[in-house]
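Read from first to last, the chains carry the letters A, B, C, D, E and F; within each, the first residue is number 1.
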Amino acid sequence: MLLHLMTWPEVEEYLQTNTGIIIPIGSTEQHGPTGLIGTDAICAEAIAKGVGEATQTVVGPTINVGMALHHTAFPGSMSLRPSTLIQVILDYLTSLTAAGFTRYFFINGHGGNIATLKAAFSESYYHLSHLNIPQATQVRAKVGNWFMCRAVYQKAKELYGDQEGSHATPSEVAVTQFVYPESIKNASLSPDVNSGYPIYGASDFRSHYPDGRMGSNPALATPEHGEQLYNLAVKELSESYLKFAQAD
Amino acid sequence: MLLHLMTWPEVEEYLQTNTGIIIPIGSTEQHGPTGLIGTDAICAEAIAKGVGEATQTVVGPTINVGMALHHTAFPGSMSLRPSTLIQVILDYLTSLTAAGFTRYFFINGHGGNIATLKAAFSESYYHLSHLNIPQATQVRAKVGNWFMCRAVYQKAKELYGDQEGSHATPSEVAVTQFVYPESIKNASLSPDVNSGYPIYGASDFRSHYPDGRMGSNPALATPEHGEQLYNLAVKELSESYLKFAQAD
Amino acid sequence: MLLHLMTWPEVEEYLQTNTGIIIPIGSTEQHGPTGLIGTDAICAEAIAKGVGEATQTVVGPTINVGMALHHTAFPGSMSLRPSTLIQVILDYLTSLTAAGFTRYFFINGHGGNIATLKAAFSESYYHLSHLNIPQATQVRAKVGNWFMCRAVYQKAKELYGDQEGSHATPSEVAVTQFVYPESIKNASLSPDVNSGYPIYGASDFRSHYPDGRMGSNPALATPEHGEQLYNLAVKELSESYLKFAQAD
Amino acid sequence: MLLHLMTWPEVEEYLQTNTGIIIPIGSTEQHGPTGLIGTDAICAEAIAKGVGEATQTVVGPTINVGMALHHTAFPGSMSLRPSTLIQVILDYLTSLTAAGFTRYFFINGHGGNIATLKAAFSESYYHLSHLNIPQATQVRAKVGNWFMCRAVYQKAKELYGDQEGSHATPSEVAVTQFVYPESIKNASLSPDVNSGYPIYGASDFRSHYPDGRMGSNPALATPEHGEQLYNLAVKELSESYLKFAQAD
Amino acid sequence: MLLHLMTWPEVEEYLQTNTGIIIPIGSTEQHGPTGLIGTDAICAEAIAKGVGEATQTVVGPTINVGMALHHTAFPGSMSLRPSTLIQVILDYLTSLTAAGFTRYFFINGHGGNIATLKAAFSESYYHLSHLNIPQATQVRAKVGNWFMCRAVYQKAKELYGDQEGSHATPSEVAVTQFVYPESIKNASLSPDVNSGYPIYGASDFRSHYPDGRMGSNPALATPEHGEQLYNLAVKELSESYLKFAQAD
Amino acid sequence: MLLHLMTWPEVEEYLQTNTGIIIPIGSTEQHGPTGLIGTDAICAEAIAKGVGEATQTVVGPTINVGMALHHTAFPGSMSLRPSTLIQVILDYLTSLTAAGFTRYFFINGHGGNIATLKAAFSESYYHLSHLNIPQATQVRAKVGNWFMCRAVYQKAKELYGDQEGSHATPSEVAVTQFVYPESIKNASLSPDVNSGYPIYGASDFRSHYPDGRMGSNPALATPEHGEQLYNLAVKELSESYLKFAQAD
């Protein structure tokens, strides 16, 4: 059930028995010489649709551009400032809560979004509590990071070991290859790739990670791996969502 | 060329010869008893991809949620405040201009976005002019509304006459039927439908347009019409984009 | 009835039978070699006073500085950012709505204000709906652009033909000559004047319109024309206001 | 020299030898049963024009609506929030400084504006210092409160003694009578009028000052007093301005 | 009673009989060659604790960084922008008012904070009046500047005469010596020290006050003076607080 | 070296050889029936001072009020909104970076601050990169959470096992007892204490954690434990700071 493919009377009916919604959030940022710029949004959206089907939950529109300021020294990267993203989330939750939604599960494809999302949830609970919306105090939001699912993590470890790295990883590239097999990119990847260096500003990031990868070897990715990882993520996040949505 | 399916070195190469980008912007809002909530984003995205192919231009990620505060009394509608959308556009243009883009063509599917987009462009030119970005003063942005294309307008008139209306129109519904033929909705539509009443706040809107339509009869839409309208829009906006991008 | 020349008990009494207010909004920006920097505010204020008298409506204080960022490469131009102007309008409407006003008719003298005003109205309806103000959902706002009145447009066409142009026009200059006959300026005006070039940032604007005019020949203006145009605008906007204020 | 009655080439020429500008700022707020709602703007504007003539200085557009939140429980009062007014001032100073102005003298008619103006000046110096504007570090701004001029204060004391009060004072009412002799209002004024109670929020204000006056007897005002006070204010503020503008 | 050393049930009990709170606010800014950077916060906090004890009032956490943009050309100075400080105060008052506090007495150690605090109080009254908090309209806030107490002023005059100056004064330095006798600094102080020059931006300030002092001779300070001044301030501000808190 | 007890020339000298600064950040929030409201600020400040001494680093003023919106249903709790805290951090880093600081180590006492601090660092790097400050691109910031130090965690586990809980923990209470032995509180604590419930809005939090504790038994705390924990935290964070400050 994609919100975009529903009508408002269908949403009205849905809300009679269910006040949960899944919102995919990704990023538009460099993913190394071979990773797609939309990697994080593509993964989040695909997995969110899977979770939506598995759990019979409405899936809202994908937030394609997230908090990726540290990637903006690479062309094609886009980012909201954290203060902008907070207002975006606050607007989303205000619109939807006024209509009756109360459980917000953000399926996230980008580590850089996590901190700002959590800040945004706090700001939103507070903001909503001051509006004249009856269900405001029942609102709950949660981030589900597909790449942090236990089963995904273990599979990635098994498939790629240390070459998984932490950005432009073979596991996320594999999921994009599963989703867009016609968009698999090739480029020579240096075996020397930095890792372990903390993330600060954009120019600092690029000087330490000159081709954009963080300790990863995305050449190991295959569409078949992507399918396996996709399935593991959908299964684990579906359970996680249901636990969240059904909690007292 | 979808930005999401490119790598950063591909963007870097593109920027050697082309500094234009097309950004689809829609809305997530009620479209009457049978129109999809994602209608405006679906149309804008599909047409933007067509224009991108026709003109060999990068197409950025779709802005799915726009300025639709007046629709928020119908469940499933989402909206940014204008002040939030201005910051979003400003962040997009800052990221992309720093990388070298200078021509921004927003293919828009929702009338409610136009005023805020224009305000956002003014704010962005000003903001960029105060940053240390060499190409800031060369930045130009333009809105291309597919539903206002002359050929689209004439075809809609020819197909639907007065029943085109101004929201949840058969022409936009037709384009979504062309894009998502498996999501065609049916519902009985009252022949009595209001029109001509101005748009103010959300509750005022719903009291005047109780089922969400503004003077339209979307039951007239067919996927075949959608394809015709899509083609007309792609053709006209491609010309419009090229004229914009190549101007001195 | 100018709000500035009323007392609060007079306003209290007025509100017993009338909740409408007219607010003039202009701009402080270059108007070519001979046009007054205050042209847009002068015209809007004069015409608003006329409409206020004709319709027995309170006229609020003039917003002298509007959204004119694109004119700021010419000395003497002033501008609010769109995001600032939105907050200004929101504050105006909050103050006045709390007191009982519900119909806001902005008589506007500057095209550059329109987009931001519309965005501001949307933001204000939303904002007001979340406050504890009983009449918030009845609030309606409208822009009346004097220079777009049908009768004004036709008269300008008749008087000036193509030399009306679109900025620093003889028609607006004529109205200022009618209002301030002692401030008629003379300067040699090149017969070559650009037109048709779209508006982007401030430096881009000045490079395309070096003396500030957009396709106009303000030397054609006379105070007598100004009086005619003033009368036509007052008449048409008075009708437009009454229709707006009296609508259900 | 009113900025609104100048052309941009005249401003350009002025800036060759003078970088000072006077900006009147008032308020739109209740002034008791007989005081005009525009009192503070009327006085500030009239006196600013006088100072502009006396010192050959450009006078910018009047800020009609200031910081008067505490008056908003009386109908007809309007106010910006302090955070909005700060952005307005910042926008004014950015536009004008980019053009070459560096000395800003705000002639103020309303005590409630002072704190926010000072805050806004600090914010503006800081903001300007981070832009690429050469003259940013030379910018200086000052508030000149006409009602606090020594000569004005002494004359008011002499004319009205304790009945001057601190809001809706006979001295400010007198100046408006001098400027608008056709708008002199009459109403019975209770001899009992509160004074000395501090200013907090709007409802608190109205409960302590039920007719809006703060310890004043505006019935003592005459247009002749107004002229005297006007002349004293113009003289003293002209000296004050020149000292400010000519300081190293 | 320091809020930081209380438990929430103790606060709950306190609020049964008392809704007042004292909040110290200082600054982190240069205080000349020998004055501590924390001078304003140290004095405000010490005196606030004294007033809290004397009046049995809760003392909240010290705002250490205030509005000191004009000092930021000296290393070690920190400042909030006025617009930030307004939001900070608004957040403080919202949290505390929701819990039941209604009387806010800010004991202030820095002249540069006064304007922004007053603006923030206005913004907060307005903001609170629009929330669903019953006691919002009873909220009152006041600034108590210890250095402006009559008795302090007289004692400083008596001790230091003209050498008191207006920044990095011997009186404030003396209070810090009384509080931190182990942190008394020595440096040669030029007998030539500027004074009387108005405060504008940071670089302008430093160019006129090269060592940071404004007309003062802090070498005159002693810890004994500090104790005397401390006692005078505590006594006078305690009376001032009680009068404020107990007013109708 | 406390910044508050230094003079500006001392800071200037310090910056010749060291550009690091430690900033303690806590919170002002309920800590159960016996925990001090200032617990998080007290711990952060004490440990930061210890780290400052151990590493010869300047320690800035404590941020006493952090992001604790979820605690605000308990009286005495105070909070900034995340969007406010982001602006506060941005202002701190702008002031200090302009003076020459480039390494910011926030010693944090409150889990609720972490997300917003990380968001604020991203926003600050971006903001600083657009100012005219030479060292802007060298700026780095890091959060050091004393309660997450490995040695602290192990010691708490050893001392308290499962009764450590996650809020109003015996370990943090112990540190406050060590710092303020005269402020040890006693109250009967129910052995039944909830745990494991996620954090959403303020009223939801209080309904699940009615006395404010999250799974903890603070009655186990002793000042001696506090000293041990303090020493472990200082040691580990000193190492962490030096590694951060000395990294390339």
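Keep this in mind: a residue touches a chain if its C-beta (ideal position, glycine included) is under 8 Å from a C-beta of that chain, and two chains touch if they have at least 3 such contacts.
Nothing here was measured: the structure is a model prediction, and the numbers come from that model.
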Treat touching chains as neighbours: how many steps, at the fewest, connect chain A to chain D?
2
If you take the chains that touch chain A and keep only those that also touch chain E, what is left?
C, F
Ranking C-D and A-F by C-beta pairs in contact puts on top C-D
Of all other chains, the one whose Cα centre sits farthest from chain E
B
Separation of the C-alpha centres, chain C versus chain E, in whole Å, is 46
In whole angstrom, what separates the CA-based centres of chain A and chain B?
24
Could you pull out the residues of chain F that touch at least 2 other chains?
72, 81, 83, 87, 132
Touching pairs of chains, which are they?
A-B, A-C, A-E, A-F, B-C, B-D, B-F, C-D, C-E, D-E, D-F, E-F
Parts of chain A lying in touch with chain C, wherever the complex brings them together:
131-132
Any idea which chain F residues touch chain B in the complex?
130, 132
So in the complex, which bits of chain F are touching chain A?
67, 69-70, 72, 81-83, 86-87, 112, 114-123, 125-126, 128-129, 137-142, 198, 200-204
Touch list for chain C against partner chain D, complex:
2-12, 15, 28, 30-38, 41-42, 60-65, 72, 74-81, 83-84, 87-88, 91-92, 95-96, 98-100, 180, 183, 185, 187, 212
